[in-house]
Amino acid sequence: MGIVVINFKTYAEATGQRAVELAKICEKVAKDTKMDVIVAVQNVDLFHVSSEVSIPVYAEHIDPVKYGAHTGKDLPEALVENGATGVLINHSEDRAELAEIEDDIKRAKGVGLQTIVCAPTAASSEAIAALSPDFIAVEPPELIGGDVSVSKAKPELISDTVKLVHRIDEKTPVLCGAGVKDHEDVRIAMNLGCKGILVASGVTKAKDPEKALLDLIKGMKKERKKRTGAA
Amino acid sequence: MGIVVINFKTYAEATGQRAVELAKICEKVAKDTKMDVIVAVQNVDLFHVSSEVSIPVYAEHIDPVKYGAHTGKDLPEALVENGATGVLINHSEDRAELAEIEDDIKRAKGVGLQTIVCAPTAASSEAIAALSPDFIAVEPPELIGGDVSVSKAKPELISDTVKLVHRIDEKTPVLCGAGVKDHEDVRIAMNLGCKGILVASGVTKAKDPEKALLDLIKGMKKERKKRTGAA
Amino acid sequence: MGIVVINFKTYAEATGQRAVELAKICEKVAKDTKMDVIVAVQNVDLFHVSSEVSIPVYAEHIDPVKYGAHTGKDLPEALVENGATGVLINHSEDRAELAEIEDDIKRAKGVGLQTIVCAPTAASSEAIAALSPDFIAVEPPELIGGDVSVSKAKPELISDTVKLVHRIDEKTPVLCGAGVKDHEDVRIAMNLGCKGILVASGVTKAKDPEKALLDLIKGMKKERKKRTGAA
Amino acid sequence: MGIVVINFKTYAEATGQRAVELAKICEKVAKDTKMDVIVAVQNVDLFHVSSEVSIPVYAEHIDPVKYGAHTGKDLPEALVENGATGVLINHSEDRAELAEIEDDIKRAKGVGLQTIVCAPTAASSEAIAALSPDFIAVEPPELIGGDVSVSKAKPELISDTVKLVHRIDEKTPVLCGAGVKDHEDVRIAMNLGCKGILVASGVTKAKDPEKALLDLIKGMKKERKKRTGAA
């Protein structure tokens, strides 16, 4: 239990060669802590990054096209060939049509890619659950990249999302994100029913990304311990 | 004089490992014939393909974003870091807003990427010329991927485009494409004022891509010879 | 029980003055048969049509913007002021982002507009149900405007949709559409759990729209009678 | 010489019944001053506004579709039937693909609608000139709705635009907009070669729209007088 997904976006600190280096730091932390750490990188960085690390590397976008005449699209099959093991869908910075989300998930499954579908609200998280993604990540857009975490600013959003998503399918894991910066933010999220977190600037733009990531994982382990201890 | 740009699109024969192999064939022909051959590949294939060949490799799409919080976009700087030397813009299968074309060209120039901007008509080619791209490629959408070449079906479109583009800037080279399949198609295009061609299925889906590419180049050399002879 | 929604689209027979005339025919049938008949018209036709008939007139599109600087959008408040009582959302010819569908529904409710949200599949119908629209209309895009009705070609799509939607909210009425042409198509749809139908060319392009609409309603009454008789 | 186009956008003061009232004020000023005043309104407001005034009423948006199955679009023919005499295209709040701008202009001309195509820069204004619209309106997006006018902040943008547009076609009139608030802003614009202005909040949100509009026209007349006097 407990995964950390780091969205590299188009941050200077997480592009090209620096994306490779950051992914290596994430890999080190994953090994040291025995936690599941996933990096999501610009599609164009997929091959380079995935060639250098063994942790899962996700694409930031999928185009649900098929082999044929489609200029400017990245084929799902090409994502896989270039090392992707999963993909982010419908991020608030990359919103997709409802019908496209459904196609994205089908195409991703067809080629063996895991899917993390983002949603801004509890109701749209429930909507997405009906489309059977592997993970749902709830993120209120107004908190993304900010100083206050969703865990502290909107804890009820997390618990509502978990409840509504599990009404559709109890097994669909919910992640949360937006403003998540330290172990306490993570501990609260896990306590409210999340199975992991989706972070970006909290790690990519940290002075010391390794330390920042370790701190987030500390919150995850703390909550896990509590549960195990309680059991 | 005379460049051949091969758009790999999302053809099965031009994706992932097969994109690398096809690019190598193009590289071989470029060396053998001493012609400029450019391949445009899915963004996600850029790193792998550009690592294996020394001919220019273009991206099929550019996002005019800057470093920061942009999920699902490929940063112009990331295209360059992953080996791109140029980019296709506004292909009829990847139409862009006018204001975005202007931004695309500026951002591409800023990072040192060559730009080939596509247009469906002579008037829109002239419009694009006002934005100072490196190349303009005119392609009537209804002929793309078909059996009849623009050279034979619409020769006046080519000559009109060359005339209108040169009214804005005499030095902007015009390419043409759509249905271009053999040396005669190419010879006509060059004769009408084109500086090169943009092809896709004519090479990528050919039984023998090397032979197909050599045949196109034959038309180019034929026209060049005529001009040199005439001079 | 039983509503008929007629989508005027941009059909020549249902634009401008002819939209007014067609709406009057629909109004006559509504009165004669005492059924709920709704017409959805081009936004630009709303004022004229709604000034001339007393049946509900829906907009074909809503922009979830607020008062302010938004050129080229139709404000929800403006739809209401011009006579709309409801709106079609996410038609397969006018697909919307998931987050926009959520905003559309909220804005529509805020100004008192009824919402019919369209979906191509049973799963996406369930997804939409989570967003609490007034109606869900399931329409497989490949059958829209064709000769075979969804009722006959895909009866299981209708029953699956009804089942999945009611898993979320038992009270959300499901409509169906695509290829619906006669009373038997309608009778089957109602029998499978629909509360009404969404039609377009079946009425707008009929030689005799009044007769076509009466025939559809016949199927609706037939099924109703059966149920009442059975009760 | 000298036209004033007032873009009503989705301002509260320029929607529905209030759009009608504001249009009447514009009509009064047009008559009193014998100037060409055009109002551009939300498409859904076209019929109502155009029924009540005799000055030209433009749509804020055009969809270049044809009669047929297009839900959620406003047909060019329907704009005309509902009283539009022209249309705004490619406003910075409603950006269009280059190929669509070309289609928009063709479709508008086909049904007899005047076209005002907006552009953010001198180069893109030149680009648009190649597509032969009736008017080009240059507006730097960062000044729209602000306190400083384009005339004062970027006079060279206006003169460059006029020069580049006239390089393509000497007869295409250039309008300018963004932050235009008083007669001096207008006088400068006209002096730099504009044939009119495109305003929005400067009139729609003015305490006294009639007075605001009269003031703008004062600047126009002043410049005209100077020219006539000089002749």
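Should a chain be cited, it is by its letter among A, B, C and D, assigned in written order, with residues numbered from 1 in that chain.
By our rule, contacts are C-beta pairs under 8 Å (C-beta built on N, C-alpha and C of every residue); 3 or more make two chains touch, one makes a residue touch a chain.
The shown structure was predicted, so the numbers you read here are calculated from the model rather than taken from an experiment.
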If chain centres are mean C-alpha positions, then the most distant from chain A is chain D
Compare the two sides of the chain B and chain D interface and say whether they are made mostly of the same residue numbers, over half shared, or of different ones. same
With chain centres defined as C-alpha means, what is the inter-centre distance between chain B and chain D in Å? 37
Cα-centroid distance, chain B relative to chain C, in whole angstrom: 45
Residue numbers in chain B touching 2 or more other chains? 92
Drawing the touching chains as a network, do you get a line, a ring, a star, a complete graph or other? ring
If I apply the definition of touch given earlier, which pairs of chains qualify? A-B, A-C, B-D, C-D
Show me the residue ranges of chain C that touch chain D in the complex, using the header's touch definition. 7, 9-12, 15-17, 40, 42-48, 59-61, 65-75, 77-79, 81-82, 88, 91-94, 144-145, 200-201
Inside the complex, what are the residues of chain D that reach chain B? 90, 92, 95-102, 119-121, 123-124, 126-132, 164, 168
